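In the two complexes that follow, subunit A is the common piece, with subunit B as its partner first and subunit C second.
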Partner chain A sequence: MGFAQAKGDNKMKRNIETPKDKQNRHKAMEAVAMLDKIRHDFIQPPKNMDYFYDLYEKVYCKRESLHAKSVKVGTMCIQVPYEIIYALDAVPIRLCNGFYTDDEIGSDLAPSKACPLVKATVGQFSSNNFSDKPDFVISPTTCDQKSKSGAIIEDMGYLVYDMEFPRTKESEESREYWRRSVRKFTKELSKNLGKKLKKSKLKKTIQRIGYAQYLYHQLNDLRKEPNPPILGKDIFLVTNAFFFDKIDNWIEATQKLYEECKIRVKNEDKTHKNSPRIVYTGSPPIFPNLKIPLLIEQSDGIIVADETCSANRLFNDMVSIDEWFLYDMVDAVADRYLKGCTCPIFTKNNDRIRRVIDLVKEYKAEGVVYQAFAGCQVYEMEQRSVIEAMEKEGIPILYLESDYSPSHLGQLTTRIEAFIESLKNRRRRR
Partner chain B sequence: MNKIREFINYGDLRKFRFWLQLFFFIIFIYGGYMAIDLGRNLPIFSCGYARETGGNCYFLGVQHQLARPWSRLFSYASIGVLTGFLTFLLWFVVFNKAWCGYACPLGTIQDWITSFRKFLKIPYSTYTRPQYQFLKKIKYVFLFIVIIFPLMLGLGLLDGEWRGAFCKMCPGRLITPLFVGDYSQWTLDFSTGTALFLTAFGMGFTVVFFVGSFIKKRFFCFFCPMSAMHYIFSDWALLRLKKDGDKCTKCGDCYNVCDMQIKDIADDVKSKNILRDDCIFCMKCVAACPEEDALHVDIFNIKVFTSTKGGFAKRMNINNKQETKK
Partner chain C sequence: MRYFAGIDIGSTAIKIAIIDENRELLGKKISASGSMFYKYAKEALAELLNELNIKEENLVYTVSTGYGRKLFKEANEKISEITANAIGARAAARAEGKKEIKTIINIGGQDSKAISLDSDGNVVNFAMNDRCAAGTGKFLDVVALKLEIGVDELGDYHFKSTGTPLSINSTCAVFAESEIIGLLGNNHSIEDIVAGVHYSIARRIIKLVKRVGIKEAIYFDGGPALNEGLVNAIENELTKEIFIPKYPQITTSFGAAILALESYEYLSNQN
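Moving on to the complex of A and B:
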């Protein structure tokens, strides 16, 4: 087109690509490459996955805005209560980022050995390039890198609210501390938005998000079948979409997907009946960095369950309320984000090990793949204890370190293929 | 069978409990009018000072029985004491601590006071951990008064004014007769210093009972010697509160709804038997648990009521009907 124009005007006019355009082009290329693989490299994904494929294309390739009219609250970690943001008529957008393009930009601002997720998030902020730009940023003080990156982002001129989060979860003191932190956050946010938190509204959102969680649990239950109707790479897309999608649309699409999967189970639709069943744990795969889940499933493994903050942990624990008043609802919501959380930032983390073992048993998995982002200290440090616990239980486990760069694919593929092959051998020997 | 199971597990525990509590309240407070008499060895605070009870608290009887002189206490004359105790145990063993959560009139009154507070939209308060750890011991002091004081009386170490000491201190003696229009217990006994102390304590405790249970759920049960007594024998009970720690995510939902602030219910993933001394067996924790079979109530190792995702969703009124308009 540029060429035709130049001919018509009879002078040379070149469109010079701005850094922003370049960034968008690169990101779209990353997104489209991943989407294409997820979409076309496997036989028969559920038809209702199309909603999610299209959604990612819209948001990440065409850069369409989903929440143009709403106030957007950016969240830097899973611990920011969705219920409260929705109840204040704002939209939460999780800013944990999976783009290598942004990771590279962020590398100039954060230490080179920092976690790629944090770098990518910082990178996106520094380029100030959002399809849905957050009006506020909430940064819970979870891991060191996230806590510090909140300050870096604030220096760039964003409105950042540091939400204090305890690093132990057993004690009553930390529970009370976190409850206070959530109450304070609620007050501050409601002041900033100029909205009062209403009892009926919070009740409705708790039930609404509860329903989203319930749907996810039901969908997950189907993955316990000997012939799971949906693959892990698709589930990661579904859960990832909860980061930014309109909640009502998400619920509707997931409901349809669940109905379809139910039928698929009944009809014994062939997917991967003989593939080794894998539980995925560790650093969160966030679109488009779904390469490890994808590699597992391309190597004929099948992810039947996961323990990550971009999927399972996002939906796992539901809120229960004794007295439907603000005082009880806000506190109960706070509990949800602390007590059941299996994030490795906590001092002790037997809960995470217990969860992984329970998932292996419940979902009849044969092996565990543990990914840690190079630079994610807490996952790296917890690796040894998890491997020991798995060995004790006789569960094969593969530990991988990876980042967002596309360069180690060969090595990773070999290791994953070998692991899955060994699982198959193990099965034969039994 | 599956349908019945689903009906129970998906049931509305709140309603079930409300009606059952009302039923037992009528039986125990007004049972006399209907010629119901379940004896004098019940493991609940159905006070014998009230005229029309359908059965009496065991503590009234046992304090008098144990107060006899020791020569008589350890003779064949005390077979009655033993049978009394066995009847108490038989009653208890059937329902375990569910007597507290479902049948005890004093417990029910506290729940009604809680409902009244909820109606006024006033938040409840809770104890901090150190307060809790300290206060929960008090019930054993009361149990000591119930069991050991009468024995000391029998030995002659205490004088007769200490007869039935706990009853004089117990808010149940003042409160339950009110429901049949009897205010006669609301008096101070000025005859001796001890009697004055005991009755004044009782009256003070009753006032504290009303104020306390207004701001704190099941306030009195922390201090209840019957609860302590139950716990001693709870290992023999048929009805059991059990936990499958592997399925627990420690989300704390059960702990959050627990009237008695029992932290173990959420954090202890090793014990199978999760009943604790403070527990009133109200089963709210089971109803609030979102994990399949993580908490359950058993009789002879058969699950009669168990936590389910579906039941949780139903009780929390989670469904797709209400659209939040955006």
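Moving on to the complex of A and C:
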């Protein structure tokens, strides 16, 4: 008896995780929890979604690298032209981050009230823990927090290129400014990569991305049907995958998914026929932070369209290839990124309001859900004008503020459920 | 010879430790609290004295502690489990030749706490779980019952987990139960669920520890400290080694017994 006689204290040397292992485990746990709900909480997702479910598991749970042999260009925002990166034989990977684990890490480096997406991105860079680590980082000067985080990341020793972006888009000056910025970016990147941009190559990548856009538009068109064949949470996975997947694999998988969805529509599959139809707008849901889209659809709503930079805006307006000179083609690429952009960083942003109203009409939506990340000032500030415009049009809108933390789900659920129920009541009264 | 007893009446178990004048642990007893704390505590003490051949009159001072301490009327003194835990843990660590401990993690049947000590062993700060039994021993009982395995098997299942540990988001034992049923329904393995449960408890505990400050050496006691899977999860979440005493269940009663000795000596010197 007695503590002193203990001899069992060193009987087993226990292995303790390194901080990196711990971070990876936390992220895998987050990813699995989200994938589990996406996969299992709904009746019959399309069979071809399995490709995407498995892709996320591979990349975020098993941490497999997809582009081990390629030069990787990390992008901090949707405004970096993918066409040019592909044309220079590099792979673009968007590094906007949806992990709460990284958000917590980033909170030590950025103000605690900053946008969770920015904090999570900075957090991932600071832990230097990537399954595909970027060789270069492109940081467009879109919103304040992203511009500043580019500098924080550069201090950590990454090669960061600040890509200038205008704050207005109506004027001819801003258009010219942005075109020059894209041309400069093209030259800088080509110098850094030691590759020359070739006309034929650029033309081919414009066509390749154009085809991806075309497929996405086709798939999206099916969501206009009275019996949408696919839920918004799945579409977010498809579009999010475009940020990091091998483009050819993505095109193949999306093609199959589209074919399957077409058959579903034809067979008059009624799974989601009676769910209130929602347009989602606001701060971008990025895996695994798909909690708001998930809550909407768990509450029997269906997202039929969205206005976000993590989905819909990726596929705005294809670039047409009728230019003869290389740098005219670069200009055409630049235009697609500026004109179609409805980011709230712009001084006036009537385009965004128009787009949301158009989506509501085209996709026969019954309500709008507007999410702003707590700390994302521009989306928070634009809230008033969007709500006023929707009220004028008689479109019900729910404004939510949220962050990446897993708490407060209860309150969010109640608000979303009540909103969807109110849409159902409107139907009955009609 | 004079003897001193510490009786820790917890929500799940009654723990008794008896020491002699040299602070040597002579005997210990752990029995279920059941529904009649007072009766069972008295019985357990009588049995232990009998086992150790100690006459009742030689048991000169008794200190009770724990959630049911006020029910034990015979005790000469009643102290809170925070104080007793701090004293017992320090003494146990010293007896086992460990470094000076600065932080104690204790998980009991229905509460969990983190205690921060200064270099003299005084309690500087402590944090306790509030409201409910999430992340306590009771929670582990409920989980084992749902998974149809024994509580003592949880550690083995934890180390057999090969996939990603599954997050249990509910902090409530009742809701967590339905989450576990859901995970089983999605064909996840019991091993991954068990690992997930341990990590969810560990993360709750770390929040408490952070509130008082993480200072090494860190000591972990209470019944759940016997669960090596949980120990692994807490070490991984802290990314620091923690020290588990030989008898993690009785350190609080051991501390109460030492206090009994000290009080007795102090009172004798005064007279």
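By definition in this document, the second predicted complex is superposed on the first by the 417 of 430 C-alpha atoms of A that agree within 3 Å, B and C clash if a C-alpha of one lies under 4 Å from a C-alpha of the other, contacts with A are read in each partner's own complex, and residues count from 1 in each chain.
Here, contacts are C-beta pairs under 8 Å (C-beta built on N, C-alpha and C of every residue); 3 or more make two chains touch, one makes a residue touch a chain.
All values reported here derive from a predicted model rather than from experimental measurement.
Trainee: Check the residue A:259 against both partner chains and state whether it touches subunit B (first), subunit C (second), both, or neither.
Mentor: After superposing on A, A:259 lies clear of both subunit B and subunit C.
Trainee: Applying the touch criterion given at the start, work out whether A:50 contacts subunit B, subunit C, both or neither, answering first, second, both or neither.
Mentor: neither
Trainee: After superposition on the shared chain, which partner residues are touched by A:322: those of subunit B (first), subunit C (second), both, or neither?
Mentor: So A:322 only meets subunit B here.
Trainee: Please indicate which partner A:391 is in contact with in the superposed arrangement: first for subunit B, second for subunit C, both, or neither.
Mentor: Touch partners of A:391: none, neither subunit B nor subunit C.
Trainee: More subunit A residues touched by subunit B or by subunit C?
Mentor: B
Trainee: Tell me which partner A:108 touches in the superposition: subunit B (first), subunit C (second), both or neither.
Mentor: Once the two structures are laid over each other on A, A:108 reaches no partner at all.
Trainee: Have a look at where A:28 lands relative to subunit B and subunit C in the superposition and call it first, second, both or neither.
Mentor: Only subunit C; A:28 stays clear of subunit B.
Trainee: By the touch definition at the top of the document, which applies to A:340: first (subunit B), second (subunit C), both, or neither?
Mentor: After superposing on A, A:340 lies in contact with subunit B but is clear of subunit C.
Trainee: Jot down the residues of subunit A that show up as touching in both complexes, subunit B in one and subunit C in the other.
Mentor: In the superposed arrangement, which is not itself an observed complex, subunit A uses no residue for both subunit B and subunit C.
Trainee: Please give the residue numbers of subunit C that touch subunit A in the complex, ascending.
Mentor: Against subunit A, the touching part of subunit C is residues 24-28, 91-92, 95-96, 98, 163-167, 169, 183, 185-186, 188, 196, 199, 228, 231-232, 235-237, 239-241, 243, 245-247, 254.
Trainee: Which positions of subunit B touch subunit A when the two form their complex?
Mentor: 118, 121, 123-124, 128-129, 245-247, 249-253, 255-257, 263, 266-267, 269, 284, 288-290, 309, 312-313, 316-320, 322-324, 326
Trainee: How about subunit A: which of its residues touch subunit C in the complex?
Mentor: Per the stated touch rule, the residues are 1-6, 8-9, 14, 16-19, 21-22, 25, 28-33, 36, 39-40, 61, 406, 409.
Trainee: Any idea which subunit A residues touch subunit B in the complex?
Mentor: Within the complex, subunit A touches subunit B at residues 70, 86, 170, 172-173, 175-176, 204-205, 207-208, 210-211, 214, 217-218, 246-248, 251, 255, 316-323, 325, 327-328, 331-332, 335-336, 339-340, 351, 354-355, 357-358, 361.
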